[in-house]
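Letters are used for the chains, namely A, B, C and D, taken in the order the chains are written, and counting of residues starts over at 1 for each.
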Amino acid sequence: MATQAQAVFQVSTPDRPGLVARFAGFFFDLGVNIVDASHHAAASLEGTEPRFYMRIVVDLAGLSQPQALAKLGGSTSRRALEEAFDQLAQSLGARWEVSYADVPDRVALFVTRESACLYDLVLRQQQGELPCEIAFVAANRPDLEHVANSFRLPFFCLPVTKETKRDQESQLLELVKRHHVNLVILARYMQVLTDDFLQAAPPVINIHHGFLPAFQGAKPYHQAFERGVKLVGATAHYATKDLDQGPIIEQDVVRANHAMDPEELVRMGRDVERVVLARAVRAHLERRVFVDGRRTIIL
Amino acid sequence: MATQAQAVFQVSTPDRPGLVARFAGFFFDLGVNIVDASHHAAASLEGTEPRFYMRIVVDLAGLSQPQALAKLGGSTSRRALEEAFDQLAQSLGARWEVSYADVPDRVALFVTRESACLYDLVLRQQQGELPCEIAFVAANRPDLEHVANSFRLPFFCLPVTKETKRDQESQLLELVKRHHVNLVILARYMQVLTDDFLQAAPPVINIHHGFLPAFQGAKPYHQAFERGVKLVGATAHYATKDLDQGPIIEQDVVRANHAMDPEELVRMGRDVERVVLARAVRAHLERRVFVDGRRTIIL
Amino acid sequence: MATQAQAVFQVSTPDRPGLVARFAGFFFDLGVNIVDASHHAAASLEGTEPRFYMRIVVDLAGLSQPQALAKLGGSTSRRALEEAFDQLAQSLGARWEVSYADVPDRVALFVTRESACLYDLVLRQQQGELPCEIAFVAANRPDLEHVANSFRLPFFCLPVTKETKRDQESQLLELVKRHHVNLVILARYMQVLTDDFLQAAPPVINIHHGFLPAFQGAKPYHQAFERGVKLVGATAHYATKDLDQGPIIEQDVVRANHAMDPEELVRMGRDVERVVLARAVRAHLERRVFVDGRRTIIL
Amino acid sequence: MATQAQAVFQVSTPDRPGLVARFAGFFFDLGVNIVDASHHAAASLEGTEPRFYMRIVVDLAGLSQPQALAKLGGSTSRRALEEAFDQLAQSLGARWEVSYADVPDRVALFVTRESACLYDLVLRQQQGELPCEIAFVAANRPDLEHVANSFRLPFFCLPVTKETKRDQESQLLELVKRHHVNLVILARYMQVLTDDFLQAAPPVINIHHGFLPAFQGAKPYHQAFERGVKLVGATAHYATKDLDQGPIIEQDVVRANHAMDPEELVRMGRDVERVVLARAVRAHLERRVFVDGRRTIIL
């Protein structure tokens, strides 16, 4: 897990020889130690150009050494490091981002009535499993206010109707911005977000209580029961304007059988949903997730 | 596992009180010992009448005792037992079937080019895992003849084109009947069977190399790769005229990740397919599978 | 799930022909409908007599009908039903117990410092997944008092040292009796209970954070790391005087790899522990668990 | 999967900054493209020095380019490449090995009576799943000769008694050497190999039909049955002189229940064994396995 002095660089670039050596060499030359690194060259099925993805975790302690000072032109600020890295990235046509362990993500949780995922995420955050701060909980109903209160989290209830959807989303977006949120988690938020909201908002992770793409849309467990499937599952994915079609981050299943009615499937599914959502959120927060078209690469 | 002297009764009837007592009592009164019994009352989602399914394994040794002799009117033949059971069944509006351990099912394996499932089923049958006889192997290509030969199984190659499909299926059906086959297994047979064939044939079990209903149709692993799913699976189901829509008997999954190309997913999927198909075939042969509309009950 | 008018009978008896018919017939004759029934004749490895176990869920509504009235000698009380069943049971040498859905079990949770299992069990109970009442939370440290408080559950802190262990256990036992507790759950209670306590207490379910019998005793995740296992698991079992040797109720695993340090294994294991413990508790509360020597039968 | 022109370098060295950059840079400077690379710095629990492990797959096509020619002093032979790499390795105190895709491993299969793992490995090798040649099959009994024959594999039957063990192992070793075998697979070979054999032989992979370290020694499924475990598994590991204590390469489990007798557990276990052994062998052949004390690192 990242400690205070660490940074994670995420790089994406057209694949070509020597990229690992170039990026690893950059930090080696600075005297900045690479704590963890992994990469993947994503093959393409349709003949488009393959892309290279790399995740590099570095220990910033090295920044204060003379070697870094010399290379970075006298400054050892994060800014100087970023500028130097950007030069390398530009020369390779790479897109990149960096995040610092001591600047944790700020997360907003959107909920409706079901408490399982809400409790689960808050408890994991408290136990140090999720490196983030929970900025607030928002809901379209008041039911879960007591949960937010018991953990002393700000709670905003913004009811929504077909007519007020646009307004309500504006208010949500306003909250997201005012609280400097950079990740929204739909923890069983029973509303579809508009493309306008998704375009304007930071990344949004949704938990779908079904094994996508098997059971899209509503009541997946009823669909599963009627079809007699022997497994039920859950899928965490980035929300996109096409419902339940965003890049899948994580999914899992449990065995089911004929004796389980839809309520029992829902109950079993809830256990999978929580674990799948938590794993996906953790991977995102640790900057392991790269979106490659309709897929994700998890490094 | 069933031994020589055992029979399995499968019963299906509209649900009502006292059914377990009635069916169990029938054998108790005869002095015929119940070795294993299980039942399920299938709830219905659409308000249709719930049905009761029961599987009863009995030890026929009791049939030769005076108690059975007296109850069955002097005869202790299987025929007499069946007639007595039929009377009970009719009084309850039940459908039923019986199979005897010393009259094993006769199975036909339909294949094309891939050998994994063929080898797997034959080896399991040889090791006593599948209580059946393999009557023959049929194929629309000659590729796997050497496999059938190495196990001394009859092999019939019946090529098929769009124009000859009807004829070829007639020949297959002829083979099925001549060899007294009562189960057909599509062990990666790369042809869709017509409804006419399915209507005339004994039950047909198919292995679909994908997690239904997620990836119906062709190239499911390519679909899975492009969509970036984190699990791949296989589904064994009874073949019906709607492709990949028949009642599911068994399914399972393995974890996948971004680094696996479609070929790797195929390879991993092959391991799941074999196990899923074998489990489904075994459940069918042991008379554990009951079809309840679009679902199965496995007792 | 059991509704108000239901009762669950658990029967254990030496195996012999006709038991299913006898027990099912008992309720049929009374006009009491069997909602669910399952049974198992446990084979014995060492040549001891095989035992028969049966679980029967009945709908007590039938008790108020004339048929039951006649059979039970004019009374349709639960007491009369129990007396009639006891006669049958005695004639078969059976041990039996009955529980009623409208008299839920009263559960005590013993904890120390870790909150995950405590939260999990309380939230499941609130959501109706666990048919019981939580009588109180007891701990040997004060750390989790706020959790009990937030759910308005009585909390008793009973510190323990080597010298005071006997006294502390007496106090625990006193609490258990005063609150009419009939199930104790060790939800990460970091103390070994003496045989004296276990003899005097109602059943005790423990969660062991390892895959028994692989990693008994302390620090199983460190053991797992050093040995390089590729799976880590958890085991829920009845507590007996031999540490981690009691009959196993449920267990499960998750995949691990070399990159996970002991802390990561602990984190992953926590997810398994919660689910495994919850499944075991639910099976116990639903009266599905039968202890057969060192094993359990789950019906 | 490796193609003809590829090589895999395995490196192990005390951990220190800059290793990724150094090794990646070596190939970049030569113009030899890295197809795949991964590494792990193994934390140590006991305070011993952490070690760094790296697996690098390169495309040797680059060797014939002028850049490599210049750097390697006029030669572009594999020998020249190895010498250059060895210089780097020595400067870093690294141990290393290289294998070439066009020089496949030669594997010997040791068996006794059970055919499942033998069939499985041979079929997978034939389907291209296992990049190796099968040099021969050896057995201490004649039972499986027909299987070897049906695949036209040399079969050597070397019976063994307590008295002849040393001699028999000498003969096995002689066969291993004469056939240039560099991997021995114990595919249900029911003999313990002596330390003398293991010292003299190439790596030996064993499949243990139990979930280590839970059920060491004989009859693990009987142990599992008597203990009532809810999962049964299999473990593939390198054979060492301490029975069932060698570094674990892969393991997996399937769910079990009370209704399964030891024979059924054996049958289910066989499915896990085959898959676990095949995965372990494949990882070894692809040079993904690094032994780190009692553990393995799989890259």
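Note that in this section a residue touches a chain if its C-beta (ideal position, glycine included) is under 8 Å from a C-beta of that chain, and two chains touch if they have at least 3 such contacts.
This structure is a prediction, so every number in the text was calculated from the model and none was measured.
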| item | value |
| --- | --- |
| A-B against A-C, pair bridged by the larger set of C-beta contacts | A-B |
| Identity of the chain that, by mean CA position, is farthest from subunit D | C |
| Chain centre separation (subunit A, subunit D; CA means) in Å | 37 |
| Mean-CA-position distance for subunit B and subunit A (Å) | 44 |
| Where subunit A and subunit C are represented by their mean Cα positions, the distance between them in whole Å | 38 |
| Subunit A residues counted as touching two or more neighbouring chains | none |
| Footprint of subunit B on subunit D - complex, ascending | 1, 115-116, 119, 123, 127, 129, 150, 263, 267, 271, 275, 278 |
| Residues of subunit A that touch subunit D when the two form their complex | 17-18, 20-22, 24-25, 27-28, 31, 33-34, 37-39, 62, 255 |
| Complex contacts: residues of subunit A adjacent to subunit B | 40, 42-43, 45, 211-215, 222, 225-231, 233, 247-253, 257-259, 261-262, 292, 294-298 |
